[in-house]
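Think of it as A, B, C and D in the order they're written, each chain with its own count starting at 1.
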Amino acid sequence: MDVNQKIHNSISKENLITTRRDFHQYPEPGWVEFRTASIIATKLRDLGFTIQTGKSIMEEKDRMGIPNSEELSTHWQRALLQGGNPEFMEAMKGGFTAVGASLYCGDGPIIAMRFDMDALEIEEASEDNHLPSQKKFRSKNKRFMHCCGHDGHSAIGLEIAKVISEIKEHLKGTIKLIFQPAEEGVRGAKCISTGKFLDDVDYIYACHFWSQMPLKSIVCGMNGTMATSKFDAIFHGAPAHAGIEPEKGNNALLAAATATLNLHALPSFKGNCSLNVGKLISGTGRNIVPPKAILSFETRGTNTKYDILIQERAFQILHTSATMQNCQLEVTPMGSAKSVECNPEIIQIIKKCSEEIDFFETITPSDKENRGSEDFTFMMEKVKANKGKACFIGIGANINNQGHHTRQFDFAEEVMAPTVELFVKIAVEIMK
Amino acid sequence: MDVNQKIHNSISKENLITTRRDFHQYPEPGWVEFRTASIIATKLRDLGFTIQTGKSIMEEKDRMGIPNSEELSTHWQRALLQGGNPEFMEAMKGGFTAVGASLYCGDGPIIAMRFDMDALEIEEASEDNHLPSQKKFRSKNKRFMHCCGHDGHSAIGLEIAKVISEIKEHLKGTIKLIFQPAEEGVRGAKCISTGKFLDDVDYIYACHFWSQMPLKSIVCGMNGTMATSKFDAIFHGAPAHAGIEPEKGNNALLAAATATLNLHALPSFKGNCSLNVGKLISGTGRNIVPPKAILSFETRGTNTKYDILIQERAFQILHTSATMQNCQLEVTPMGSAKSVECNPEIIQIIKKCSEEIDFFETITPSDKENRGSEDFTFMMEKVKANKGKACFIGIGANINNQGHHTRQFDFAEEVMAPTVELFVKIAVEIMK
Amino acid sequence: MDVNQKIHNSISKENLITTRRDFHQYPEPGWVEFRTASIIATKLRDLGFTIQTGKSIMEEKDRMGIPNSEELSTHWQRALLQGGNPEFMEAMKGGFTAVGASLYCGDGPIIAMRFDMDALEIEEASEDNHLPSQKKFRSKNKRFMHCCGHDGHSAIGLEIAKVISEIKEHLKGTIKLIFQPAEEGVRGAKCISTGKFLDDVDYIYACHFWSQMPLKSIVCGMNGTMATSKFDAIFHGAPAHAGIEPEKGNNALLAAATATLNLHALPSFKGNCSLNVGKLISGTGRNIVPPKAILSFETRGTNTKYDILIQERAFQILHTSATMQNCQLEVTPMGSAKSVECNPEIIQIIKKCSEEIDFFETITPSDKENRGSEDFTFMMEKVKANKGKACFIGIGANINNQGHHTRQFDFAEEVMAPTVELFVKIAVEIMK
Amino acid sequence: MDVNQKIHNSISKENLITTRRDFHQYPEPGWVEFRTASIIATKLRDLGFTIQTGKSIMEEKDRMGIPNSEELSTHWQRALLQGGNPEFMEAMKGGFTAVGASLYCGDGPIIAMRFDMDALEIEEASEDNHLPSQKKFRSKNKRFMHCCGHDGHSAIGLEIAKVISEIKEHLKGTIKLIFQPAEEGVRGAKCISTGKFLDDVDYIYACHFWSQMPLKSIVCGMNGTMATSKFDAIFHGAPAHAGIEPEKGNNALLAAATATLNLHALPSFKGNCSLNVGKLISGTGRNIVPPKAILSFETRGTNTKYDILIQERAFQILHTSATMQNCQLEVTPMGSAKSVECNPEIIQIIKKCSEEIDFFETITPSDKENRGSEDFTFMMEKVKANKGKACFIGIGANINNQGHHTRQFDFAEEVMAPTVELFVKIAVEIMK
């Protein structure tokens, strides 16, 4: 029996569904994937992988958008009650939930695959036409939901590990699996990319399911992925009684309103840049000059260069707006992702492998349509900087025409098995 | 013994202090003065007054800035536990906490006095140099504090009732006492003024303690009191994904930012008008076009005419800003007070009475310096509209140079007895 | 001798250069091309064409951005002194400078060609490295300059007329030549397109020289041409003494400043729309509330639909900004052009003809790179609405790497002859 | 005959009217009062005064808002034709039109009086109900008009000189007369105050006619006069083609629009400050990112301290707005005046003297109502800084209820004689 047949036979659709539905019931948002990550670490260790987790795999200072300590603690406690493995959870305390797993299968190239684990803060639909509700695997964690498919990503990651461990003798090289926290808000990948885990990697790839792409379609290289950056800008002014002596205050809201208008008035660089002020929270009382304003914004660029260009303009507007009202400005990065350039050589390998799988019907080598963002791009850049090759794959998974990040989001579970097959075949092909 | 001597002897300083300190320990914010009001109603009834409370004394539609039903319920439950009288509390449910008390003492003029009862949402100082803390009558209600002296106002109201009931035979006319909720934010007086309780009143007066005015000083007619109005303006827009199709959104934050700048750019009418946008809350997510913005603002005028002028300009700015971004605008009045013109005849009576009291050293007939606001002015206007006479008195009460609405606010308790004496003497003088 | 040979031999490079340099010395801006147009009309009449000019060929109400009567008169007088033909100039008074010329050459298709005549208000370079200066044909009209190549366009139009008249017997159909005023600012084409001259036209084409395109290159169908619209928005407010009673004024400048910021803050529809406020003139005196503001802006869209979308948003901002400050708004269209979709069939003919001419080396059938604007598009739409076919051609004419609308602009005169040849060959090809 | 009688008899009403009407016919705006000033210098010299003019009496660097050299030259030429004295005009070239005249009348105090000479750029009314038109002394200088009464001020200044020279023997001290240019726009006084002419002055006073004050009324000390400052702020950005690469421009108009909104949004310091952006001129072409914006504004304060406070806030807004758009900012002072505190001792003298004159019926010692501005205040401060005494007088001169700076402005000529009398009597009184 050849390796391709072995791979195909080794994949268990039941496993995939069971695992995915388990993860779906216990969604954990970014940085608090304690249950998910500790279960993954346990299973991978049991399959013979060497496990790295906690601070050993993440550069602490490069984590972005960490929840406060109360939230970290609450989620940690709940994860424990919901079956998290305390053995691994200890090292994850405080939001160190990445898991790296390595398997040496002989001398040869080092190949990394990335899977994301985090859920979102959305209340899941409870109507019967929502499959997870109908099939009884709806979220048990009030207010949180896997509505971006990361439950599926994690499940295929585990199944890939199993298949790899079973076809180990056919591989010549090292397999590294990365289970990443906090992809939502593009907060979690950077700290892994600045750590050491990827230092020796020659190839890296990852995929994302897309509910907007037709089932059975695949884009081998998602080259339209945009660079993006997320920031919170805090204006620190000074309060004053608005009726009696407003001139003694430093009006943070006026500063933020001026910034908001001018940020949106920035040029679009012919459609290559965009910016959004998504939230503004300012003021303490109706009769007080607002002493503080928190402005949450994001920038986007068709490539990283454009994203940086628009950021620079944005920072200048923020700083001058603050000074205009004698306010101090504090800008905190809350997330970041690069634009993508997939390696043409891997694109060809992916194309070939997907053509061999009896599932994919529409195979697009490279596409620039999708204007989403992904912080896996940080890992791609890291590997490319070391002369490695990187690719980001899009998997069509439409089932009910519901968008990502909506309470009715779902994906077609049948995409999981062929995706597992694809990932393993790519590795085999590279190691040939 | 003449009536003045009787009044003087009848006043109990101990009572005043005990009552004030009791109220101080159980501060209740506007519209939820369930404990305070029900205790007051009970005591007044026991003194022989006819009591009106709940909807019978308040025009429901003219109440402003009512807390939500959850808060109303929470405070009601706590009041019950803290000694509120359920007999009266039933009618007060839902925020109907005004108390009116009438005592017929023979044919003659109908004289009304107003006392306010509400506290603020401020955590009281716990340092030993803060008298309520040192003397162990600090607030027992976390987050709430009597830091404007209304505990004292309510205590003198009760003592006045007692004295009046004891010198009843010297009076020719009817005494009406009003214990008002929600003076803070100028929310509570209007609904009483549009009810029937004041319909037959010939004279009305009230006072406020001022920590900024020196002890033993009195301003008989506080004519500097400014008109003010409080509003919440809600911009209803539409969300859109900021990266993919921002043009489909209706950006409520851009509308609110434009409004904020233009509201502050309104002319000051030579210092007669002012406006403050005190709070702005907008947006749902960093990458979503903000679908909603809540802008809280207030206007002020040296008189009601100016307050209305600036409001009209403000509304125009708000409406056009909303339309500019295809947003719907909803403006809700959250409070209101008029400017004051005290009746010169009562001013003279107050001046005469305060001169006769062995306490007041600095007696100012009329003053325009204080630019605060008071919704007692609604009651004054109501009485004046019926050809009655009205006055608002300022009582110097400085003890520690701390401003109103601060966590260290306090007033000199020794002002309570002379204020009781003054209020009763004014009534006696009018009824002569 | 076949017709192609005849055409080639008939063209006089000397004529072209002489005519072009004559026009170059007497530049006339939009709507006052009295000398240019009357000389053209005279020559065309002498070649046997039937001439239409003045109101007979232009819909008066659809002219945009007409100079004031003083300017119209000044330019008319100068044109007379500089050799304009009063015979034709009379009908052109007041800015009716279009010239239409028709030549019946037998039954067959009616083919129209458009040439523009107007110059710009720019002072021409006088340095010796500027060819017109060195060769002594620099502008004699102070402040005005042919810095967009329309002098060349007009010269080739006249040469085409001559060639046509000479090969008339080879043609089966009618040739219509249009010499258009006021292409700069996209002001002049619309009024011709709404007139009757194009009612019966089956084919129409025109070209523009581009100094940014390499010499010997040609784009047969300039499909990147953007739609654009030009407007003046006047805010009519009311003055007031800024020190004494600013509140009595209606501040047109505040309205215009608010509009400016919000216009620039409009979304770019993913790069498909843009907007520029190019000028703002407001106010009368430093101490007066500005009673008036004139805001000049333009919109652009990658197609006409986008141009209209952004306009609608712009109008809403302008109207609401005006109302915000109690101003009246007056918006005047000052120019307009559509996006272009060239007819694929003519593109093929142009491609074939240009391949046959011994000059063009780089022949691009269709191109979307150039994001300029052209009001010839109005004529294209008119012809297409009548089931006719239309195309807009780009001719590479780089000589000194200077941009259009600069004082050093120039084009390579050697492009004129092959362009004449191309235009005539296209007609011959169509009439085959 | 006592001195008062002599003064009274010495005054010629005919002279006053003749001189005033002559000046009225030849109005000259600020810094180009060549005819007026040279005639005045000639007459004063002929009366025996020592004359200083040109740079000897003005600190060149402290002149503000000077016209350009073309305008300076045009006005100089016209002045020559209209009877200006070239003997004095030479030194005045370039806008040095102040005239100082001194007369030593024995040892004693040095008393200075100020008169302003400049007209405004307004076209005078030509209707018959406008007295200067009816009586044939309407402005002969198109576009310019004496519509603030400075023609009258200059006429009384000359008559005072004559009377002084006739009663010289009654005076013990030195009389200094200052004829000031460019009072309009508060541009001319500062440079005289920083020169040496006032160094030794013990007393200084001046007056202004007010068409809004009833005839026969006088305010001895105009203490309501506000401080004011005038500035031009130029934003230097960079142009760019708005359609092709707007991101390359530095948008001066966006900077100026942001500044305009934020300048108007500054607090009013309880009505003590105000600010007006009176003019904004920006942009070159509709399709060009505006490379420049000129913003003309003024600040006002109820006293100089407030004027400086609001200026500092304004500068900060201007600088940060400029930096926000990568623009350079250039702020030029265009005028300035201080607030006034008149010396109480001179007020008493003026009161006494005006009571003795058979004309003034309503005599107000000090008044704060008038909120105009005057740069004579610079001279007052100079004299006060040297322990001298200063006062600014208001003379009621209403004749037709028309405001200053309107085309129908006029003043009652009958106020001139009593004003002359007053000024001389004050000097006599001081020198007693």
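Here is the rule we go by: contacts are C-beta pairs under 8 Å (C-beta built on N, C-alpha and C of every residue); 3 or more make two chains touch, one makes a residue touch a chain.
Keep in mind it's a predicted model, so treat the numbers as computed, not measured.
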item	value
Separation of chain C from chain A in steps, with touching chains one step apart	1
Chain of greatest Cα-centre distance to chain A	D
Gap in Å, rounded to a whole number, between the CA centres of chain D and chain A	70
Chain centre separation (chain C, chain D; CA means) in Å	52
Multi-chain contact residues (two or more partners), chain D	246, 254, 258, 261-262, 264-265, 270, 274
Complex contacts: residues of chain C adjacent to chain B	245-247, 254, 258, 261-262, 265, 267, 269-270, 309, 316-317, 320-321, 323-324, 326
Of chain D, residues touching chain B in the complex	261-262, 264-265, 268, 270-272, 274
Residues of chain B defined as touching chain A within the complex	185, 226, 228, 230, 242-244, 246, 251, 253-254, 256-258, 260-261, 264, 274, 276-290, 293, 296-298, 300, 334, 371-373
